[in-house]
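Next come two complexes, and both contain chain A; in the first it sits with chain B, in the second with chain C.
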Partner chain A sequence: MSAIQFENVRKTYPNGKTVIDQLNLEIRDSSFTVLVGPSGCGKTTALRMIAGLEDVSEGMIRIGAANVTKLEPGDRDVAMVFQNYAIYPHMTVKRNIEFGLKNQGLSKADIVRRLDHVISQVGLEQYANAMPSMLSGGQRQRIALARAISKQTSVFLMDEPLSNLDAKLRNQMRSELIQLHKNLQSTFVFVTHDQVEAMTMGTDIVIFNEGRVMQTGTPKEVYNNPDNVFVATFIGDPGMNIVSLRMTCQLGFRPQRARFTMPERFQGVVLPGEIMTCETLGMDSLYHVRTTMGTILVKSEEEREFGDNVSVYVAEQDMFFFDMHEQRIRDAGRILQLTQSILLKEGVYVAREHSGEAAAR
Partner chain B sequence: MQENIPAKQLHDKKGGPTLMKPGRMLPRALNKVLQNPYVLIAPAVILVSIFSLYPILFAVKVSFMNWDVVTGEQSFAGFNNYRSIFADPDSMQVLKNTLIYAFFTVCFGLIFALMIGILLQKSTFLTNLVQSVIFTPHIVSFVSVTIMWMWLLDPQMGIVNYVLKMFGFEPQLWMMSPKTSLLSIMIVSIWKGLGFSAMIVIAGLQSIPSYIYEAAKLDRSGRWSTLFRITIPLLSPTLFFLLITSTIGAFSSFDVVNLMTGGGPQGSSNLIVHWIYQIGFLKFQLGKAMAASVLFLILIGFISLLNFMFFSKKVHY
Partner chain C sequence: MKLAIRILRSMLMIALMLIFIFPFFWMISTSLKTYIESIQFPPAMLPKSLQFSNYVEAWVRVKFFHFGLNSIIVTVLTMAGQLFVCVPAAYAFARKKFALSGFFFALVLVDLMLPAQVTFVPIYVLLSDFGWIDTYQGLIIPFTYSSFAIFFMTQAFKQINNELLDAAKLDKATELKIMIRIMLPIAKPYIITVMLFTAIGKWNDYFWTLILTNSESVRTLPIAVKGLLDVGDGVNQWNISMAGNVLLMAPILVLYLFANRFIKNAFVYGGIK
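This part shows the complex of A and B:
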């Protein structure tokens, strides 16, 4: 059992700044949990507290059944991959991995067995006796990975390990890490600011903002069912469009779900507007559209030119409503009321095309 | 130089202006002269020749001559000067003193610097204060330092003897005794050099990134294992720099001997450079002094070579 639990954890730095306040979080055993959020949101601090590299000001952290709050990093049964790899520059690849194993007091035969295994696992056989300075960024990343794997810990921590790699290598490492997690079946905690990484790699996602957890769930859950405006705009590529309604409520919809032509059996909002900019992404394009409700993004396969006058169709089932505290409104009656109130807004109309009429046309 | 595009080609064929044409900014003749590599290194070569090479060659020449400074008489002496150095009983004593002095000041200087550097590594108000206090001897002149230490080491009234007595040790004569005079100047030298070395060590320690230590913590590396397997290896370029500079500094120590003991009593604290000074400027045997200088140059060269051979492979850059 190696679930990780934060119980009322607070972190205040010596300069008096509280970066995490009242953190309650459970990271499931054997999950690939991604902590994601903008920089300075406390995700790295949370990770470093699991590792024991940061003191916990208040509260308790458990790994499995054990309270590790006061344990030394080496005694917590965790391994970590650092953002800048933190490889010992004066040791060969082999010695880098060996160092931790020797300190664990393993027998020579055990060390050799593990070394051979992890070095071949990350594909560094040729470089076992090379100095890290002779290796590329990707290879150094693999040393750090091998060093962590070799310890055979039940928890595996990674602090933005892919951010120093180029785009192609990053994609490759992504799938390798997913594969690694499947093989090892240990608990992975992965910190990133990149929501694409979070969505593609995680089995669970924890979204942080300003030291608080905004939402936890599977990638699908947080994408399809955001709890608040922050999650709605942070997750997704690009995030949700948010437009203010009267009564300080907000309407959100995904740029991918907006259409330039009326779909069949359409029931929803139509926003007239003008194309401001157009970014070609290959299969589809990202349009900035100026409407009476502000500039919105539309990601669509339909071709439109700069300056075109368009109507943006947003179906009722694709609309999300948020209250004045930016929390999601889930009450059905309230949603209906809000949908109708949009009608009152100038230049916007609600189309209600019933299935019968559509069929008659 | 040959890889440079010739100036003519830079004045391109189409007649349009090109960027950065040296030929436009300087007269063509001067430009041609400046393309000669020997012209470019000439200033450095001239300076080194006048202030280093010429004096060395001059010293070598004088070392083969009898040169009476008072009468101005000069005559060829062959190897007589060298022979007289090897025949002089003082020379062996001075060499021995210098080797002992250099070995201990360098070793203990480095060890203390490392210890203090590690203790003062963290930057807090107190450590910053202690750092500047420890650094002070380095900027104080040797004359003031010597006067202070002569008080401290005074056999009758000195505080060092007072402290020794307090803990039940025998008081020492320090600079007055042939047994302890060399030790006295070693203490003062180490004390004076410590601030500078410690500062360099601290700078070296601060250049080791903190995540290396964090990785070591996760690798279950204890305090000593981290010191000997992580910190010191990563500090090796700094330590090597200090080793080379402090070795050369120790061998050419002059002021501490001159000011504190004058080489005495009975030559017990005399070092090579001070001895050369005595021969040349007190006994006016310029030829012999130059011969000693030449031998000293060879010795220092040899010791530096040894340092490089033994330690440079262990240095991780």
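This part shows the complex of A and C:
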């Protein structure tokens, strides 16, 4: 059992800055949990507190049944992979991995067995006696992985381990890590600022902002059902469009769900606008469209040119409403009322298929 | 035009090199002259025949074995002592926050700026009270502390990536192990550089040794070699004196050549973060 629990955890640095306040979080046993958020949001601090590399100012952290709040990093049954690999530069690949095992007091035979196993697992057999300076970034990251795997811990912590790799290698390592998680069945906690990484790798996602958890859930849940404006705009590529409605609330919709032509059985809003910029992504394009409700993004396979006058169709079921505190409005009656009120907004039309009275132009 | 600048630059370099090399050349040349050659005017650049016997005479007159042994004892033990005292101090300054750490580090820096002439009287009085005048411990123990070594190693330790230490903590390494197995090997080029400075400084030290000793028993080579100037009944036998100086310098040159290669190697291996 190695679920991780934060109970009312606060972290205040000696300079008086509180980076994490009242953190209550449970990381499920055997999950691949990704902590994601912008720089300085507290995700790395949270990870380092699990590892024991940062003191906990207040509150309690449990790994499994044990309270580890005051334990030394080496006694917590955790392994960690660092952003800059943290390979000991003066030791060979083998010695790098051995160092921790020897400190644990394992027998020689045990160490040799584990070494052989992990070195072949990450494909570094040829380099067992090489110095790290002779190896590439990807290979160094594999040493770090091998070192972590060799400890056979129930918790596996990773602090932006892919951010120093080039794009192609990063994609490859991503799937290797997913595979590794399946094989090891231990609890993975992965920190990243890249929401794409979070969405593709995580079984669970925890979205941080300014030291607080904004939402937790599976990738699908946080994408389809965001709790607040922050999550809506942070998750997705690109994030949700948010437009203000008469000061009191906000309307959100995904750029992917907006259309330039009216779909069948359409019921929703139509925004007339003009294409400002167009980024070709290959299969589809990303358009910046200036409308009466501000500039919005549309990701569409339909071809439009710079300067074209267009109508943007957003279906009712694709609309999300947020209140003045940027929290999601889930009350059905209130949503209906808000949908009606958009009608009153100048330059916006509400279309009903076959009703004939609407349409953009 | 470009060629002219290059020629000019090369000539300047050669001139500079000559300025640096000449004293060495003159010392070695003089050490191989006869007494007459060494004082003749105009001076001869090179000896007519090589007088290697000067070296034998210098060796015997200086009691090289006795003073050389003293020099080696004092230098080696000072270096060892500095490793023992300054490495942990530097590690603490670089990696720990403790009460008044900033203040103590400032003290180290202040000491770095104080010339020895300011502090030698109180230090003499102190060591005299200890009864350490004319003893090995008087020549060694006070010098196991070095502001320069602490400052230099602190800077070296500070450059080491924090992640490495975090990784070592997760590897269940104790503080002592982190210092010895991780920090020291990575900072090796810096440590060797500091030790080289210490060795050269201690080997050549004249001032402190002269102050802290009265008799020949624990005195070191520089003072003994200086004595060569006074032995010829008021006549300075420069050829013998220079032979003594070459003997005094030789170990340092060898040490430097050896350590220089080692430092380069260490930099290549230690060069990744």
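The rule we apply is simple: the second predicted complex is superposed on the first by the 352 of 361 C-alpha atoms of A that agree within 3 Å, B and C clash if a C-alpha of one lies under 4 Å from a C-alpha of the other, contacts with A are read in each partner's own complex, and residues count from 1 in each chain.
By our rule, a contact is a pair of C-beta atoms (placed from the backbone, for glycine too) under 8 Å apart; a residue touches a chain by one contact, two chains touch by 3 or more.
Keep in mind that this is a model prediction, so the values were computed, not measured.
Annotation for the three-chain superposition on chain A: chain B and chain C clash. Considering which of chain B and chain C touches more of chain A, the answer is C.
In the superposition on chain A, A:Pro132 makes contact with chain C only, while chain B stays out of contact range. Using the contact criterion defined above for the overlaid structures, shared-chain residue A:Gly59 touches neither chain B nor chain C, since it reaches no partner. By the document's definition of touching, both partners, chain B and chain C, reach A:Asn103.
Residue contacts after overlaying the shared chain place A:Gly236 against neither chain B nor chain C.
When the two structures are aligned on the shared chain, A:Gly273 is found in touch with neither chain B nor chain C.
Once the two complexes are overlaid on the shared chain, A:Gly217 sits clear of chain B and of chain C alike. Once the two complexes are overlaid on the shared chain, A:Gly252 sits clear of chain B and of chain C alike. Once the two complexes are overlaid on chain A, the chain A residues touched by chain B in the first and by chain C in the second are 51-53, 72-75, 78-80, 82, 84, 86, 88-90, 99-100, 103-104, 147. For chain B in complex with chain A, the touching residues are 209, 211-212, 214-222, 225, 229-230, 233-234, 236, 316. Those residues of chain A that touch chain C in the complex are listed here as 14, 48, 51-53, 72-75, 78-80, 82-86, 88-90, 99-100, 103-104, 131-133, 147.
By the touch rule above, chain A contacts chain B in their complex via residues 51-53, 72-75, 78-80, 82, 84, 86-90, 99-100, 103-104, 147. The touching residues of chain C, counted against chain A in their complex, run 97, 161, 163-164, 166-173, 177, 181-182, 185-186, 188, 268-273.
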